[in-house]
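Per-chain residue numbering starts at 1, and chain names A, B, C and D are given in the order in which the chains are listed.
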């Protein structure tokens, strides 16, 4: 069975595991105060060219979105997201649980359009009853998006400009950030993200780690008492080393970027193979997720040899499925998939 | 430097690490649906003799307390705890963040007394204004307590009886459960805990795992849609395997109990050494934490060779410090400490 | 200046004020336990033909929506509403503040369509990742809607049927319920609402009272410890009599229905006058709110003599304005408005 | 039956009712934007000598405490109160519902001692694990307290000084403020309260109004978007006039102070009568609440002619009962009570 179900099928990258093993018996202080967390933070600040940045490590994506959004917002504020955004759909109401409305604007292949955002904020400002509505305080985007597409630098700058114009902040969900930065379409690097976002995170769970997301407040603008808030939300690990060691390894010798690049290259081959065989892409994603329209009649056969994710119905006779690659995807598996196609 | 600061100084037990390494490249489904989570749950049900039990794995103690208490309570209900209970003091208001009051009763060396509980519940029931107060819905105790003491089986049965009499539930925080079950004073086993509690958890972080707590609802009485609630609280790991693999290893060949027993024996030696040398114990804990009164004048000297935890001021000239052992404490370290004493 | 801005411009209906005055010096027990609250509840149960119904009095609409929805839902559940629903737009995130997502479906002149609801629930049930999403637990509708339109009995029955089919509940926001029940289009009475909804409220603030909404759980199905929850949400008035006396007066001799009928008749005259003069209705509302398209060029002139509500831009040259009537609208004012038109 | 149960037995003071009646048919804008709310705010600013003060009107005490505390605190902060404070005991967990812990210090006849507060804050600051605890952000006191006692100006200044020293704020619950300011022991006036508190409220419900509390942020320091937060908490009345008209009347010609003075004088007479007859006071309250120890054997007889509040058991043979006076207490009733004694 070829595994293309998702990008979190294996444990951690062997180099990461090696680092965890090598440091296992060291006696370290808890709660993220150990030297590996410090090292990892230093490396991330260097990679993102934000020397003043504050870096925190959390365990998972929904947790990170919940804590960052809740601490960046005032209690009377809401977050704006694409209607296809992860926080809008697949996080079990974690944002609302923390008291904030998710205001949704239409997603365009997963992306939030500056024009939609600007219109919303302009109309909100002009609405005489806006005191009776949640106050927009933050824009949430995913880079790459849930559909594998990427914002261009110009698009991100335009969102930033609009946020500035209306005095609200910008948060980038980077659960798969590396795949977005290393794809052929990418015209920005980590430093651009750090320059343009008020906060972002670098996803580890889907890119080499067994768990862990690195939250960056690039201007040293972490919400006050952030550690206490993390604890209050149940997100503080006693053995913070688990996250520090992993991210330190990922940000040594460009490992994080290399393994993301690998995954993107594997995906590009699969995409080419699919197009060669006449399959239709649902979204033309340049990153590690491929969304392809598959005839229902052929799905059973596929499922016998390839493990994929059901995405949604395309029409009465076809289904959108997702094939995902990761650092663990082998050339051999891609070649076998080609044969099957 | 001898490390007796806490019981979470090292990573994970070598056997646990080995299991994580061995399974690292397996492609597994996410969110706790993998076979290691199932295996671990089976082993825990067997060890706790609760075949109908439902077992969930979470990452840390505060998270577990928050999620279990919040899901077991109705929103208008409060939890009762000793005033020294972990949820009352050291969890950054995580319980209140989820909307519930922690009603505190006096702790007696960390323990909640049945008499205090019964009096509180009786007076609450008789109070004409009780509709205007949070409704007590759950009793929280730690076994062993934050002071290393253990409830006897009779004490736990009495608490259970009182809970039944007033129609409320009982939750046992077992962050260090193994140490409590394996100490010389222990007169109960895991099955007794499963029989007497409506929910409890088996702490991994402080007993062999790098992270992870196993929550057990022994009567198959997990709150409805518990997985969704876990996600909503930000506690669901994509790679649930991290927890399943560790707990499966810990509950193979009695590893969990053996390593806890080891820690307790190391602590017993230290306690004996301390008493031999005329030190005064602040609390006579039979588990892996030793609370000892230390002259302030000698603390500096100690700190140069031994790493310990400051606990609280005892009087003007003395301080209570904590020495903790774990699975990783060596006989050699204990012998060296003896020499130092 | 003719006042058609809204239906809450004056204080309370003179008969209600008279009742408040007559009972002012009586010494009554607090928190809704007085005899006027009991009387009012009895009269409402009789009017709604739900002898087992439980009736509670709250102060305002947003408060009522928040408390009823929060207490009817489990914490992991969400409420479904039309995207134009009051809770979706104009309640400052009060529902999300209490932890619940508002799932929005398209409104059709303010109404939720059964077909949309059934499709949503069917697809939700079929979605393999639905555990990672807020669980739909309640449908919220307004009768009449925010656009003054009314659900027919058949429509309400269809919604009820769909709710039953998917095991979720139905809540009717009746902030203007009387106007809906007394309009010419109405084909149901209060007993029908009580029969079809799991909970509803009868709005007083917009129909004769100075404040107050009567919440009805028609099957005696009030959430457990509802009074404690009301207090916990800050909604319990010490002098509950303020609400009981008013509702008792409103439900004596059909006052509530008569004054709503009066308002509807006034609105019908205005609508006829508008249509006679060639104005275009934005929505053809049969209740006490009239939404009419007005040329921008003529708005200034209107504003000098008539007070109305701006609703939204219709197109570049026209605006939708709202004219509202109430129990306090006089025939004389309507006649004057006719002359102005 | 003589009514001494509480101070909220009647509706509103006749002058207040007259004002409500006189303005009833005026057409006014909603949500507290009407001219009576403005007038009332002006009068309160003048009475409190805080020209920059911001004044908001809410409906009840628990609602006010919840909204003010929640908006003054950051989400990771807690409020400090006496363990007998209203928010600690009788508000159904409303503070915890909004996410904040109530840290309790021992009450001394209802009062928080500066020494206790300073010690708590000093030890908190010195605690190495304080990052893992809720951050104290606000001190809550009641003036007068739940036991009818009053803080002296020196005590309030000392609390203020301590708050300043630790960078936290001070909030005064004035549900019965007028009784505290008008008692013989009082050595401060409303302007002192405004000078020393970061926020306070002037209770209407228990002093002449049928509902309503006036919140004052004396330095113009209302939390940002306070109105939106009030709406979000369900506390915004459409017909804000109900509160504005009442407070405008109460703060015209010193009515508020006069009626509170009257109640205090009635209570003083009763207290004298009780002491004359040899009854023992439980607390020597100088305000409108009298806490007296009553032999259980004589309670039944008393209950036949006097309505009082049960407070708590004093010992096996005696009970503490409360007698309360208000603006509505007549000299005749006090004389009759004297005869009964």
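In this section, a contact is a pair of C-beta atoms (placed from the backbone, for glycine too) under 8 Å apart; a residue touches a chain by one contact, two chains touch by 3 or more.
In this text, all values refer to a predicted model and were calculated from it rather than measured experimentally.
Asker: Going by residue numbers, if over half of the contact pairs line up, that's a repeat, so tell me which of A-C, A-D or B-D repeats B-C.
Answerer: A-D
Asker: When I count C-beta pairs in contact, which pair ends up with more: A-D or C-D?
Answerer: Looking at A-D and C-D side by side, C-D shows more C-beta contacts.
Asker: State, to the nearest whole Å, the distance from the C-alpha centre of chain A to the C-alpha centre of chain C.
Answerer: 42
Asker: So how far apart, in whole Å, are chain C and chain D when each is placed at the average of its C-alpha atoms?
Answerer: 34
Asker: Centroid of chain A to centroid of chain D, CA atoms only: how many Å?
Answerer: The mean C-alpha positions of chain A and chain D differ by 50 Å.
Asker: Out of chain A, which residues touch more than one other chain, so two or more?
Answerer: If we look for residues of chain A contacting two or more partner chains, we find 75-76, 91-93, 97, 99, 131-134, 228-229, 231-232, 236.
Asker: Applying the document's contact rule, which stretches of chain A touch chain D when the two form their complex?
Answerer: 31, 70-71, 74-76, 99, 131-135, 224-225, 227-229, 231-232, 236
Asker: Hey, which residues of chain A end up touching chain C in the complex?
Answerer: Where chain A meets chain C, its residues are 75-76, 78, 89-93, 96-97, 99-102, 128-129, 131-134, 310.
Asker: Spell out the residues on chain C that touch chain D in their complex, using ranges where they run on.
Answerer: These residues of chain C touch chain D: 3, 5-6, 8-12, 14, 17, 20-21, 23-30, 59-64, 66-67, 91-94, 97, 205-206, 210-211, 228-229, 231-239, 241-242, 307, 328.
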